[in-house]
Amino acid sequence: MAGNTFGHIFRLTSFGESHGKAIGGIIDGCPSNVEINFKKIQYELNRRKPGQSSITTQRDEADEVEFLSGIFEGKTLGTPIAFQIKNQDQKSEDYDSLKDVFRPSHADFTYQEKYKIRDHRGGGRSSARETAARVVAGAIAKQILAKTGIHICAFVSQIGQVRIEESDLKFSELDIEASLVRCPEKNTSAKMIQLIEEVRSKGDSLGGKIKCTIIGMPAGVGEPVFDKLHADLAKAMMGINAVKGFEIGSGFSAVEMLGSEHNDEFLPGGQTSSNNSGGIQGGISNGQDIYFNVAFKPVATISQKQNTIDKNNNEVVLAAKGRHDPCVVPRAVPIVEAMAALVVLDQLLRQKASQV
Amino acid sequence: MAGNTFGHIFRLTSFGESHGKAIGGIIDGCPSNVEINFKKIQYELNRRKPGQSSITTQRDEADEVEFLSGIFEGKTLGTPIAFQIKNQDQKSEDYDSLKDVFRPSHADFTYQEKYKIRDHRGGGRSSARETAARVVAGAIAKQILAKTGIHICAFVSQIGQVRIEESDLKFSELDIEASLVRCPEKNTSAKMIQLIEEVRSKGDSLGGKIKCTIIGMPAGVGEPVFDKLHADLAKAMMGINAVKGFEIGSGFSAVEMLGSEHNDEFLPGGQTSSNNSGGIQGGISNGQDIYFNVAFKPVATISQKQNTIDKNNNEVVLAAKGRHDPCVVPRAVPIVEAMAALVVLDQLLRQKASQV
Amino acid sequence: MAGNTFGHIFRLTSFGESHGKAIGGIIDGCPSNVEINFKKIQYELNRRKPGQSSITTQRDEADEVEFLSGIFEGKTLGTPIAFQIKNQDQKSEDYDSLKDVFRPSHADFTYQEKYKIRDHRGGGRSSARETAARVVAGAIAKQILAKTGIHICAFVSQIGQVRIEESDLKFSELDIEASLVRCPEKNTSAKMIQLIEEVRSKGDSLGGKIKCTIIGMPAGVGEPVFDKLHADLAKAMMGINAVKGFEIGSGFSAVEMLGSEHNDEFLPGGQTSSNNSGGIQGGISNGQDIYFNVAFKPVATISQKQNTIDKNNNEVVLAAKGRHDPCVVPRAVPIVEAMAALVVLDQLLRQKASQV
Amino acid sequence: MAGNTFGHIFRLTSFGESHGKAIGGIIDGCPSNVEINFKKIQYELNRRKPGQSSITTQRDEADEVEFLSGIFEGKTLGTPIAFQIKNQDQKSEDYDSLKDVFRPSHADFTYQEKYKIRDHRGGGRSSARETAARVVAGAIAKQILAKTGIHICAFVSQIGQVRIEESDLKFSELDIEASLVRCPEKNTSAKMIQLIEEVRSKGDSLGGKIKCTIIGMPAGVGEPVFDKLHADLAKAMMGINAVKGFEIGSGFSAVEMLGSEHNDEFLPGGQTSSNNSGGIQGGISNGQDIYFNVAFKPVATISQKQNTIDKNNNEVVLAAKGRHDPCVVPRAVPIVEAMAALVVLDQLLRQKASQV
């Protein structure tokens, strides 16, 4: 049972290999009669796409989405919305030498073990290029959520050892997008860019952390005991390429807190005096802001020499050519937002199904 | 669409409120002809149950599991395995005063918001008592996994600020179970127990961290792009009561590593020289040990006074009576193992379905 | 991937072998705050249970349902509703001689082939006793549907060659229940009873047909292109023991009709002048009455001698002892209604999830 | 929760409106390393496509399928297989006058009721054009099944009142395809063609019946109690446009049979002396041939005048223009086979997942 469908009511089934004809997906369960803003979809794709700034890979994909069904005269029909993004700037020959090589910390080895066949060009299905389909679906979900007053906003809070102070975490989308690295704090942003340039020059790569907030969430959404709202968010985030960790609200810092410090007291009206819960209690939203952190490992593709093996168990020394980001975290911001939007809209619709 | 079923092939549907007649579940999709060791199931339940040591709650539940179907002459039939654990030692009257009160950082408020009704006794469905059903299903999964050479083992690596050194993380089940707090390192264990006693005397509570390892995992298991093995593990863990964070392999520490440090080079034979990946690459197991950390917040129930509100928006001052653990983390060890076993067996069976 | 769960939003997972400890199920996704009428549930169980009249099997099961969770102070909590019906009157020794025998047109052979193990007592999991769980869940679904004005009513329209005239198909529940064979037309009912007695005396068995109507269905319910309302009804009915055929509206008679005869013209107000569609067009309800027929084969258990084989491929001559119905169709009426109720409520709730 | 995905392990998600840019789908869960015969896929599409003979609609669609992903160097990757068939010969202006009209026994009214919006051109999503996606997925499933020795073959057994004798039902694919109406019995085929011409000249339409057989099915496949093999087949068939009835094995004729006539005795070796069961007992295949009938209503589109209403509840007199089949049943043969193939492969793979 393969795993290329996400969600239960609002469902995305994604397809595509990095250097195949196209990537894309089908959204099933999209509410009907929603007016689609196509520019906003393209805007989200542009935030994710390579080549958008001096610090990202120079692969030049137009990344234009074409809708094949489910939208009529600008409005959703309630039927499946299929879309594709054609793969244009494929330099598949860059990968010829990698046909049989297992790159360290990539998915070459595991895809070969699992499927006994793989499309080696550009990482095939395991390429992060696939996440463009998620961004399209997420952009539609965001539009629907916006109508109900729910807004999702993520930013880069750390790259390598450069980080924003935790005390200062509310930012405007404008400030975020003004930064090449999507870090809204100007000084930190500058330091991050400098760090990326340094590391790139050494042929190395960097990890980072994204913080995401969901504002305007109504109370009562989430499905215990297994499909708790934060459990679904965790799954969504951990399914993004290069993600190694997820924490909600107080997260790992809760380990060292006392109950008396951690508990969020209710105030008259149902607000809480603190928000260590991160807007979710018992797996159900409580009406406070939801926020969580996502940890990204450094990109596996580096141009330094590495030892590895090939399919025939021969030792190989590898040094990546091709075009690669030293740090993908800034481009992952719209992906984090998209996956969060898919989770929240799906759970909102699940809640609608709970009463006749 | 409610969320009380976990898994796709090996599926657990759980039921039960803390002070209802019983809790339990149905396992559908269990392989047939498996000889069941009932003692091992009870052993796992005993590891989870309250009252097992001086540092846990004194609620005295026998927690004996009764199987109603799916097992014939000691072997599984391949049909649904239903089981129940009766609720015996209910002191529901302890909760009478809480009927309308929303306890801070509990799920009282959110259940009321979601369902517009709740069973207030002992937390109802949101009680961690429900996890006993997971432990039963997990114990069966563990028996099946053991036959294929897969073993799952978790322990407490941190309580409050007392933690095991990260350099020393391979332990025997014997050492783990020898410790009241399931911390296999003796000195640390002793400090943890001392800390729990101190905090209990102040009417406060503690969080902690559990490390879990999966040994003997074959390569090739996991379902990209959404049902990656670690994404399913994350969801499973985040769905456990009081969990606030999850990280696989290098986890949050990857944020500050360079690619050249983080990458796991392949050695001839397919082993890797390091294991920052935590045994999973591209969402598929690579044959190395899988390991991950789970962060638990301090228990929400404390006996210190807290301010909160009731259903009618009146301010209330609350001080828990009843019987409660100052730190549930040691009892969560079998739950973490159980959920890991459900994920791994489910994914193994999904892999079986991938070829005619 | 086993198949013991029915439905998507309102989901029944059923369990139990005929001579195990109990049969029962878990309903997940039941709307909260529904006041449950337990008498009506028991009434439906009584309609299905053996020993209810002179023409049915004399197995004497109390068939009393016990609820274990999900209901609090008489109302649903929105959490899983678990229930069990204990197996009491087991004469398992009647089946000792059948331990290794494959009864003709039973599921003994196929269960053995599939699972390589089976509980031979009373047919084990393949016994129609399992349908009691469906009746319980269906009885709850019916109560919820009744509140929205939807009523489901089935009756026996044919046994052997004795049938009701098709021209006369609207009957009251009272007339149906007044008949031992649940055939509301008095003369036909009398003939059916006579036929059953005759066939019973010869140690043989009879098939029959049930007609079911769904009154008060709103337009707009059903999920094309695969989960069309009548496709889900077909699956539900074909999953009932002994069912061999299903037809909606005009059904098989449509084969010989012309389009000009078959088409249902719309009248002002949206009613149709005829109802060959059976209340469903393009898989979606159109607001007219839904009606369908279900064909049952004659019971496989007969007391006449039959040739067959055992597990070791030995030829065996078989003559059933035990207690059996010569015709189960009258007892299948509440099962047909229950499965219809599960489909309709599930689809209604799916429709609720289609808009934010 | 929409319904555009079919299957559990081998899953087809279909998309597309009749006059949109394209129709198509994504197959997820296709086994990897399967060599695809593209000609055979196109052959199946050609069997379904309009304009293939003098008795079908003259809409001239090339119906060429383009694969976008999941196939590499002619073999399946185990990743999602996306495909599209572009809509070329759209005469959407033929439908302008129908924009607001509800055609009798079409899905115009119900789509409008459900979604509050619809693409009226060519029936939009409710058009049988969508079934081309099923034929593509089914053609791949058939290729995989053929490797395991399973063959699926359907033919037209009745049109209007012209039918094949039931005594004579085993035919070769060659004989079937030699007939314009896919009726392998020459005399009957000629009569059917004559009937179709007659009815067409009167501006009317015809229904019919298709018989489908599954040869080479191994015993032990099917998932009781709800996902019985014949229940899944029923759902698959009832989901095809214009289908009104389904029966397996003896089907509706079982109603009038005695148990002693109907039972299939087992012979040494596990064969049965008769096959009223239709190859399935207790929802699980028994190794005998599976066969079933599917009833199709006459096409709703006729050129005779009909009374109906429009969206504003005005009375309208309608006479179809455009290009339409007087009888779609011959073109439905590959659709029936495709859906059967999807069910059988999905259930085979489910069975694989039943053992570690």
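Order of writing sets the labels: A, B, C and D. Residues in every chain begin at 1.
Basically, a contact is a pair of C-beta atoms (placed from the backbone, for glycine too) under 8 Å apart; a residue touches a chain by one contact, two chains touch by 3 or more.
Owing to the predicted nature of the structure, the values given are computational and were not obtained by experimental measurement.
Summarising the inter-chain layout, the chain whose CA centre lies farthest from the centre of subunit B is D.
Across the two interfaces under comparison, B-C and B-D, the one joined by more C-beta contacts turns out to be B-C.
Distance from the subunit C centre to the subunit D centre is 26 Å, each centre being the mean of its Cα atoms. Mean C-alpha positions place subunit B and subunit D at a centre distance of 46 Å.
Centre-to-centre separation of subunit B and subunit C, using mean CA positions: 39 Å. Shared interface positions of subunit D, defined as residues touching 2 or more other chains, are 1-2, 4-5, 8-9, 14, 29, 32, 78, 114, 125, 350, 353-354.
Here subunit D touches subunit B in the complex through residues 1, 9, 29, 31-32, 78, 144-145, 147-148, 345, 348-350, 352-356, going by the rule given at the top. By the touch criterion given at the top, residues 1-2, 4-5, 8-9, 11, 13-17, 20-26, 28-29, 32-33, 66-70, 72, 75-82, 84, 114-119, 124-125, 353 of subunit C touch subunit B in their complex. Subunit C contributes residues 1-6, 8-9, 14, 102, 104-107, 109-111, 113-114, 125-126, 130, 158, 160-161, 199, 204-209, 219-228, 230-239, 241, 244-252, 254-270, 272-273, 276-278, 280-287, 295-302, 304, 306-309, 313-315, 350-351, 353-354 to its touches with subunit D in the complex.
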